[in-house]
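Order of writing sets the labels: A, B, C, D and E. Residues in every chain begin at 1.
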Amino acid sequence: MIPMSHYLIVSSIMFFVGVYGFIARKNLLAVLISIELILNSVEINFSVFNRYLYPDHLEGMFFSLFGIAISAAETAVAIAIIINIYRVAGNIDVRHIDKLKH
Amino acid sequence: MEWLRFNDTLHIDLGILLDPLSVMMLTVVGVVALMVVVFSIGYMKGERGFGRYFGLLGLFVFSMLGLVVATNIFQMYIFWELVGASSYLLIGFYYTRPAAVKASQKAFIVTRFADLGFLIGILILSSYTGTFDFAALTADNAAIAVGPQANWAMALIFMGAAGKSAMFPLHIWLPDAMEGPTPVSALIHAATMVVAGVYLIARMFPVFQFAAPDVLVLITYVGAFTALFAAVIAITQTDIKRVLAFSTISQIAYMMVALGVADVAASTFHLFTHAFFKALLFLGAGAVIHAVHSNEMSRMGGLRKFMPITHITFLIACLSISGIPPFSGFFSKDEILVAAFHHNPVVFGVLLLVAGLTAFYMFRLYFRIFWGAHHYDRPPHEAPPIMTIPLIVLAVLTCVTGFVVPVHIDWAIASAGVVAAVIGIVVAWRFYAKPSDAPARLAARWAGFGQAASHRFYIDEAWLWVTRRIIFGGISRPVAWFDRHIVDGAMNAIGSGTVRVSETIEPVQGGKVQSYAILFVLSVLLITLLVFVLC
Amino acid sequence: MLTVLVLIPLLTMLALFISRDQRFVRTVVVAGFGALLVASVVVAVKFLVARALSTDAMLLAQDFVWYAPLNIHYAVGVDGISVLMILLSAVVALTGVFSAWSMERDFFVWYCLLAVGVFGYFISLDLFTMFLFYEVALIPMFLLIGVWGTGKKEYAAMKLTLMLMGGSALLLTGILGIYFTSGATSMNITHLVGTIPMAHQYWIFPLVFVGFGVLGALFPFHTWSPDGHAAAPTSVSMLHAGVLMKLGGYGCFRVAISLMPAAAHELSWIFLILTGISVVYGAYGAVVQTDLKYINAYSSVSHCGLVLFAILMLNTTAMTGAVMQMLSHGLMTALFFSLIGVFYSRTHTRDIRQMGGLMRVMPFASVCYVIAGFASLGLPGLSGFVAEMTIFVGSWEHTDLLRRILTIVATTSIVVTAVYILRTVGKILYGPVLDPGHLELSDARWYERVSAVVLIACIVLIGVWPSGVGHIISESLKNLNIF
Amino acid sequence: MIGTLIVFYILAAVIVVSSVLAVTSRRMLRAATFLLLVLISTAGLYLLLNYHFLAVVQLSVYAGGILILFIFAILLTSSRGDRTEAHDRQRMVWGIVTVVAGIGITTWVTLKHKFLYSDNPTIAGDQQIPVSRIGHALMGTDKYEYLLSFEALSILLLACMLGGILIARKR
Amino acid sequence: MDFSGFLMMPSELGLLAIFVFLLAFDILAAETRAMRWFRPVAIALMTVQMVWGFFPAPEGTAFGEMYVSSPLTSMMKSILNIGTLVVMLQAGEWLRRPENSIREGEFYVITLATLLGMYIMVSAGNFMMLYLGIEIASLPVACLAAYNKYKEHSAEAGAKYILMTALSSGIMMFGLSYLYGAMGTMYFSDMNAAVAAEPMTVLGFVFFFSGLGFKISLVPFHSWAPDVYQGAPTATTAYLSVVSKAAAVFALVLVLHHVFGALAVLWHWMLWGLSVLTIVVGNLFAIRQRDIKRFFAYSSISQAGYILLGVLHGSSAGLTATLYFVFVYLFSNLAAFGVIAAVENQSGRTDIASYKGLYKSNPRLALVMMLAVFSLAGIPPLGGFFSKFFIFAAAAQGGDYLFVLIALINTVVSLYYYLRIIRAMFIDAPGADAVSSFRTDPYNSVSLVLCTTGILVVGVVSWFYNFIAQATF
C-alpha cells in the first residue's frame, strides 16, 4: 500500500533536482538533461493523480502521454539549437552565451 | 459713465467732478501747462525727440486733468498712475543719459511703492464703505465710523499722497527727477503732479476728519518735519534745480501741515499760489540753464545784467516764496501759519523757522545766480521772447493771485512770518551778494551737519541700501538661487534619481540564462508563498 | 459650428504637407491663421447674439456620441470665457505666425497641431475631449523647442514635456475620479456639476488643480517655465506663454473649481498660499535675471500665479479678474516675446548686460517694449491694470485674515514688477549704446510690426474699454452659477 | 502488497539518486546514463500504477528516442574542457536554496491538501487499462477523448521538425 | 465517431490549408524560380485568411469541449491574423537577402504553424489543448529566433529562448498537474465549477500563471525578453513582442475569466503587484538602453503591465479595454519594428545612435516611428492614447485610483525614453556614419502604411472599440 504522497514527493524531488541542474550546470546539454527531469517528474504527477484520485477517466494519463511527445519535440529543437551554438561559438558552455546584455 | 463694474456695489465710473477745489486745480494745471508748453517751444528747440516731448507732455496734462476731475477715488488712482508713468517718461526723456534713466526709474518705483499703500487703502476703504465715490464718501451723512480700519485705510491713502508729494521719507525721487528737461520739472515736479497728494487729501478731507483724525496728526508731523528737513538740505545744495526741488518739498510739506491742522482752504490756497511762483522759478531757472548750459551755481553769477527779464521775474518769485507782501506767497503762507498757530505752537515754530530758511536759501540762490562775480567765455544772453513771455505772465500772476481770495490777515502772525523772511533775506544778502568768507566759516563750524545736509542726510543711501541689499541681495538673489537650485534641483533630482536607479539595477539583466532561471523559479516560489500568506 | 476652429488648423496642417516652397508655406499659414481669427470673431459674434436669447451656461453647443459604452461624447460649446480665450488664442497664434516669418514648413506643421489642441481644448465640454486636446497641445512643444529652439534646448524641451505630462498624469487620474465617483452617465462638464460626492472631492480636487496648475506655473511646479521659454523659438514662446499657460488656468476654473466648488472652498487656503508664493516669488525671481526670456518667464510665473490666485478666491469679481488677467497676460507676454525675438534676431544675445541704448537703434521695437512693460506693471489704460485691480478688489471681498494678508502680499508684486520691468527697460533700451555693432541694426520688419501692433491694439482695447470683456465674463459666471 | 511497496521504494531511491547524479555528474555521458536510469525507473513507476501503455511509450520515446539524441549530441559536441567542468559555487548555493524552498513548499502543499479519495488507490479500476480503450480515447471526438489534441500534437511535431531542420541543416 | 466538430473551426482549417499548401510549395519549388512567387502568394493567402477571419464563425464547443469558439475568440484570432500579416510583410526584405533566401519559405511556414498554435491557445476548452497550443506557439519560434543561425547573437537568442521556454513550460506543466490533482479535471468548464482557494489549487495556479507570464514577459518572468528580442532577427522580435504576447494575453484573459473566476480575489492582488512591478521595472530598464530592439523589449515589458491593468478588475469594460489595447499596441509596436527592420536592412545597425538625423535622411520613416512611439507613450490623438485611457478607465471603474496614478506617473517616465528616440531622429545631428536616404521595400511600406493608418484611425473612429466591445461577453 503506497501512499500517494510518496509518489508526489519523489516527483517533486526530481522536479527540483532538475531545476537545480538547470541553474547550476555549465554544459548546455546538461541543462537540457535537467529539463528532461523536470518534464518527467510532471508526467509522474499526472499519472499518479489519475490513478489514485480520478481513475474514471484517463485525463492524467493522456496528459503524460502527450507530455512525453512534447518533451521529445522540445528536446529535438533544443538539441538542434545547441548544435548550432556549438557550430557558431565552438563550445556549448552556458556561461558563454551571455553576449546579449546591453 | 460706468467704466468697469467689479460687483454689485463697487464699480469704477469715469466722470467729471467740478467743484471749487477741482476748478482751482484745473486753473492751475491749465495755466501752468500752457506757460510751460509755450516756454518749451523755445527751450526744447533743436532737441532730439521734440515731437516725443510734446506728445508726452500732452499725455501728462491729460492724465493730470483726469486726476483733477475724478469723481471717485479709483478714477483718481487710475490717473494717478498715468501721471506717474508720464512723469517717468518725461524724467527719462534724455534716455541716453544714465543719470536720467536712473532718476526716472527711482521716481517711478518710489511712487509706485507709495501707490501700493494707496491701493491697499482704497481696497480697505471701499470694502468697508462699499463705494469709491467721493460724493458718497464725503457726504455729511456718510456712514463712516472711526476705527482701526478707517485709520489704516486713510493712513495708507496718505502714504500714496506722500509718495506723490514727496513727503519724508518718500521724497527721495523728487530731487533726482530734476534730470528731466527743466520745463517738465516746472510743470510736473513743482506745480502740478507733486501737489496731487495734497489735492487727494483735500479731496478726501472730510473722511480724514471724521473717520481718522489720528491720521491728520500724523500728516501734520510728517509735514512739519519734511518742511524743516527739506529746507535745511536746500541750503546746502549747489545745483539750482535741486535747491528748487527741495524748496518744493518744503512748500508742499507746508500744505500738508495745513491739511493736518484742518485748514483745507489755506492749504489749497498755498497750493494755488505756490504753483505759479514755483513754476516761475523753475522756468526762470530753465532760462538760466538754457543760457549758461549748466545747473551748477558755481558756474553762474552776475547774470542780472545779461538777463534782465529773467532776473526780475525770478526776484518776484523769490519774494513771493519768501512770503514778502504783497506777493501771493505772503497771503497763503500767512494763512497756514495762522492755522498752525492756533493748532500747535511747536508746529508753528517750526513753520516760522522754515519760512526764514526758505527766504535764506531762495535768496542764496538768487544772489549767487544774478549777483556776484561773473566769468563767462561767451556772454550769456537773454532768452527769446517765446520763453520770456511765460515768465512775465507767471510773474504777473504771482503778484496778483494773492488777492484772488479775500483773506483775513492776522497781522501779528503775518509780521512774524515777514520778519523771519526778512532776516533770511538779509543773511543771504550778507553772505552771498558780495564775496564773503562768512559762508565758509559757518560751514567749517557746522562741518558735520553741512556735510550730512549736502548729502541729503544720507536718506538716498539708506534707500539704496534697502533696495540693493534687501531687495536684490536679501530677497531676489536668494529667491533666484532657491528657484534654480532647490525647486528646479528637486525636479532634476527626480529625473536623475530615476536614471540612477536604472543604473543600479542594470546588472540584474546580465545576460546569464541561469541567473534568469534563478530569478524565475524563486519568484514563482515567492509569489506562491506571498499568496499563501496574504490570502 | 465650433468644430471649424479645430478643422481650420488641421486643414492648414494638411495643406502644409503638400506645400513645397517658402512662399507657399507662408501664404498657407497666414491664410490659415487669418481664417482662424475670422472664424473666432464670427464665433464670438454668434455667441453674443445667442447670449442675448438664452441664459444657458453653454451656447452654440453640439454633441455627438463618440464612445457610447464610456459615455464619451464629442461635445462642444462655449461660454463667454471660452469665447474670449478663443479670441485670444486666435490673435496670438496669428501674430505668432508673423513672428515666425522665416521658419520652415515643418515648424508650422507642429505649430498648427498646437493650435488644433488649443482650440479644441477651449471649445470642449466633454472631459475626455478636453483632456485629449490638452495633450495634443502639449506634445508639439517638444519638437518645436527641441528642433528650433536655442541654448539648452533638448534639456528644456524634455523637462517641459515631462513636467507637463506629469501634471496631466495627475489630471487624468482626477478626471477618471470625477467620472466614476459622480455616477453620472456623461463626461460633459455641464452635466457633472454637483454630482461628485464630497468625500471624493477631497482627493480629486488637488489632483485636478495641481494637474492643471503645472501648466499654469503653480509654485513649485513652475520650473519648466524659465528653461522652456528661454529655449523656445520666439513664436513658440509667444504661443506657449500667451495661450498654453492659459490652458492651465482655464482648466483649473472649468474643471477643478466649477465641478468641485465645495472642495475648493475647503482646500483653497493651501493653494492660495502656493499661488500667493508664486506671485511674489516669480516677481522677485525676475528681478535678478539677466536673460530677457528668463525675466519674462519669471514674470509669467508671477502673473499666471495671480490668475490661479484669483480663481481660488472663488467669487465672481476675482474670477472676472482672473479671466481678464489671462487675456492680458496672454497678449502682453506674447508681445514681450515677439519683441525679444526682434531684439534677439538682431543682436544675437538676450543678456541684458550686453545690450543698451536700443531705443536709439530700434525705436519702434523699443517703444513697443516699453508699452508691453507698462502693461505688465499694470499701467491704467492697458489691460494689466484692469485685470489686476479687478482681482485685488475681488480678493479683498473676503474678510478673513489669511486672504487679506495674501492679497496684500500679492499686491506688493506690482511694485516688484515695476522694479524689474524698469530695470530691464533701463538696461536694454535706455542709456548709451553699449555695443558699437548694435548701431548698425535695423528696426523691426513689417511682419514683426504687424505682430506688435495687433497685440498692442488688443491690450489697449481691453485697457480702455474693460467693461466689454468684463461684462461678458461676469455674465458667463452668473450663468454658471457656481459662486 | 508488501512486494509492490518494496519495489516502489527501490524505484524511488533509484530515481532520486540517479536524478541527483544526473545533474551533478561531471561527465556528460554519465549524466546521460543516469538520466536513462531515471527514465527507466519512471517507466517502472508507471507499471506499478498499472499504466502499461504509458510505460511502454516512456521507454520507447524517452529511452529509445530522446536519449539517443542526447548521446549523439554529446558525442558531437564533446571536447576536452567538458570533462572537468567546475561548478560555480554561487550558482550552486542559489540552486540549493531554490531546491530546498521548492521541495519544502510543494511537499507541504501535497501533505496538507485533503484529497478526495486520499490514499485509496484501489478504487475503481486498479487494473490494466486495455489498449483499445486508449486507442478509442485517442481517436475519439467526445469528452475525455483526444482526437483534436492528437492532431494538434502532430502539428507541433511537424513544426518542430521543420524548425529543427531549419537550424540544423548545413546551409 | 463524429467529425462534424471540424466544421466548427473554419479558421483553423483555413490556416492549416495555407500551412500545408505553403509547405508543399516550399518543398516542391525549392531552389527554383518559382520561389519568387512564394512571398506574394504567402501574403495573399494570409490576407485572405485575415479577411476570412472577420466573417462570423460558428459559435459553440466541439470535440467534447476541447474546442471553444465564440465571437470573442474570433476577434482575438483576427487580431493575431493582422499582426502576423504585418510581420510577414515586414520580414520579406530581410528574407530576400542572399544569406537567407534559401530558407525563405520556412520562415513563413513556421510562422503560420505557430499562429495555428495561438489559435489553439485562444480556442482551447481544456488545459491540454491550451498547453499544446502554447508549445506549438513557442517551440518553433525558438527556431525563428535562431534563424540567422550563423550569427552568434541570433544563435544565442534561440538558445536562451528555448531553454527558458522549456523551463517555464515545465513549471507551468507542474502547476497544471497540481491543478489536475486538486480538481480532477482539465476541462475549463468542469474546473470552473470545482475551483476553490485551497493551497494546492493556489500553488498550481501560480505555477501555471508563471508560464503565461513568461510569454507575456511580465516581471519577474521577463528576463529572457530583452536578450532574445535583441538577438533574434527583427521580424521574429516583432512577432514575439506582438503576436506571441497578444496570444498569451488572450489566453490569460480567457483562463482567468472562464476558469479561475472564483479565485478573483487572489489573482486580483497578485496581478496588481505584478503589473505595478512590470511597469516600473520595464521603465527603469528602458531608460538606459542603447540598442533599439532591446529598448523596445523593455518598452513592451512595461506595456504588458498596462495590459494587465485591464485584466485586473475582471469587468467587461476591462476586457474590452484589454483587447483594444492589444489591438492598438499591435499597430504601434509593429510600426516601430517595421522602421527598425527597414533601417537595419539598410545599415545593419540597431543602435539608437544610428537613428540620429533620421528625419533629415528619411522623413517618412521618422514620422512613422514618431507616431509609433507617441502611440506607445499614449499621446493623443493616436490610438495609444485611447487604449491607455480605456485601460485606466476600466481600472478606475474598479476604484483602483492608486494604481491609475502609479501607472500614469510611469507613463511620464516612459515618455522620457520614448522622447529620446524622437530626439535622436529629429533633433540630434546625424553622425558621420548616419543612415543614408533609401527606399523602403514596397511590402514593408505597405505594412507601415497599414500600421500608421491603424495608429491614426483606430482611436479616433470609435467603431473599432464598439466592434470589440460587442464581441466581449
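FYI, a contact is a pair of C-beta atoms (placed from the backbone, for glycine too) under 8 Å apart; a residue touches a chain by one contact, two chains touch by 3 or more.
None of the values given here were measured: they were computed from a predicted structure.
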Partner chains shared by chain C and chain E (touch criterion as defined above): B
Chain whose average C-alpha position is farthest from chain D's own: B
Chain at the geometric heart of the assembly (C-alpha centres): C
Dominant chain pairing [most C-beta pairs in contact]: A-D
Approximate Å spacing (C-alpha centroids) for the pair chain C, chain D: 71
Length of the line joining the C-alpha centres of chain B and chain E, rounded to whole Å: 77
Length of the line joining the C-alpha centres of chain A and chain C, rounded to whole Å: 65
Chain A and chain E, separation of their C-alpha mean positions in angstrom: 26
Chain C residues counted as touching two or more neighbouring chains: 162
Residue numbers of chain D (touch at least two other chains): 91, 94-95, 98, 102, 105-106, 110, 115-116, 144, 146, 149, 153, 156, 160, 163-165, 167
For chain B, residues contacting two or more additional chains: 495, 509, 511, 513-514, 517-518, 521, 528
In contact (per the touch rule at the top): chain pairs: A-B, A-D, A-E, B-C, B-D, B-E, C-E, D-E
Complex contacts: residues of chain D adjacent to chain A: 1, 4-5, 8, 12, 15-16, 19-20, 22-24, 28, 31-32, 35, 38-39, 42, 45-46, 48-51, 53-54, 57-58, 61-62, 65-66, 69-70, 73-74, 76-77, 79, 81-82, 85-88, 91-92, 94-96, 98-99, 102-103, 106-107, 110-111, 115-121, 123-126, 129, 133-134, 137-138, 144, 146, 149, 153, 156-157, 160-161, 163-165, 167-168
Residues of chain B that touch chain A when the two form their complex: 509-514, 517-518, 521
Complex interface listing, chain E residues touching chain B: 159-160, 163-164, 167-168, 171, 197, 199, 202-203, 206-207, 210, 214, 220-221, 223-224, 226-227, 265-266, 269-270, 274, 281, 284-285, 287-288, 413, 416
Chain B partner contacts - residues on chain A that touch it in the complex: 19, 22-24, 31, 94-95, 97-101
Residue numbers on chain B that touch chain E, as the complex places them: 495, 498-499, 501-503, 505-506, 508-509, 511, 513, 515-517, 519-521, 523-524, 527-528, 530-532, 534-535
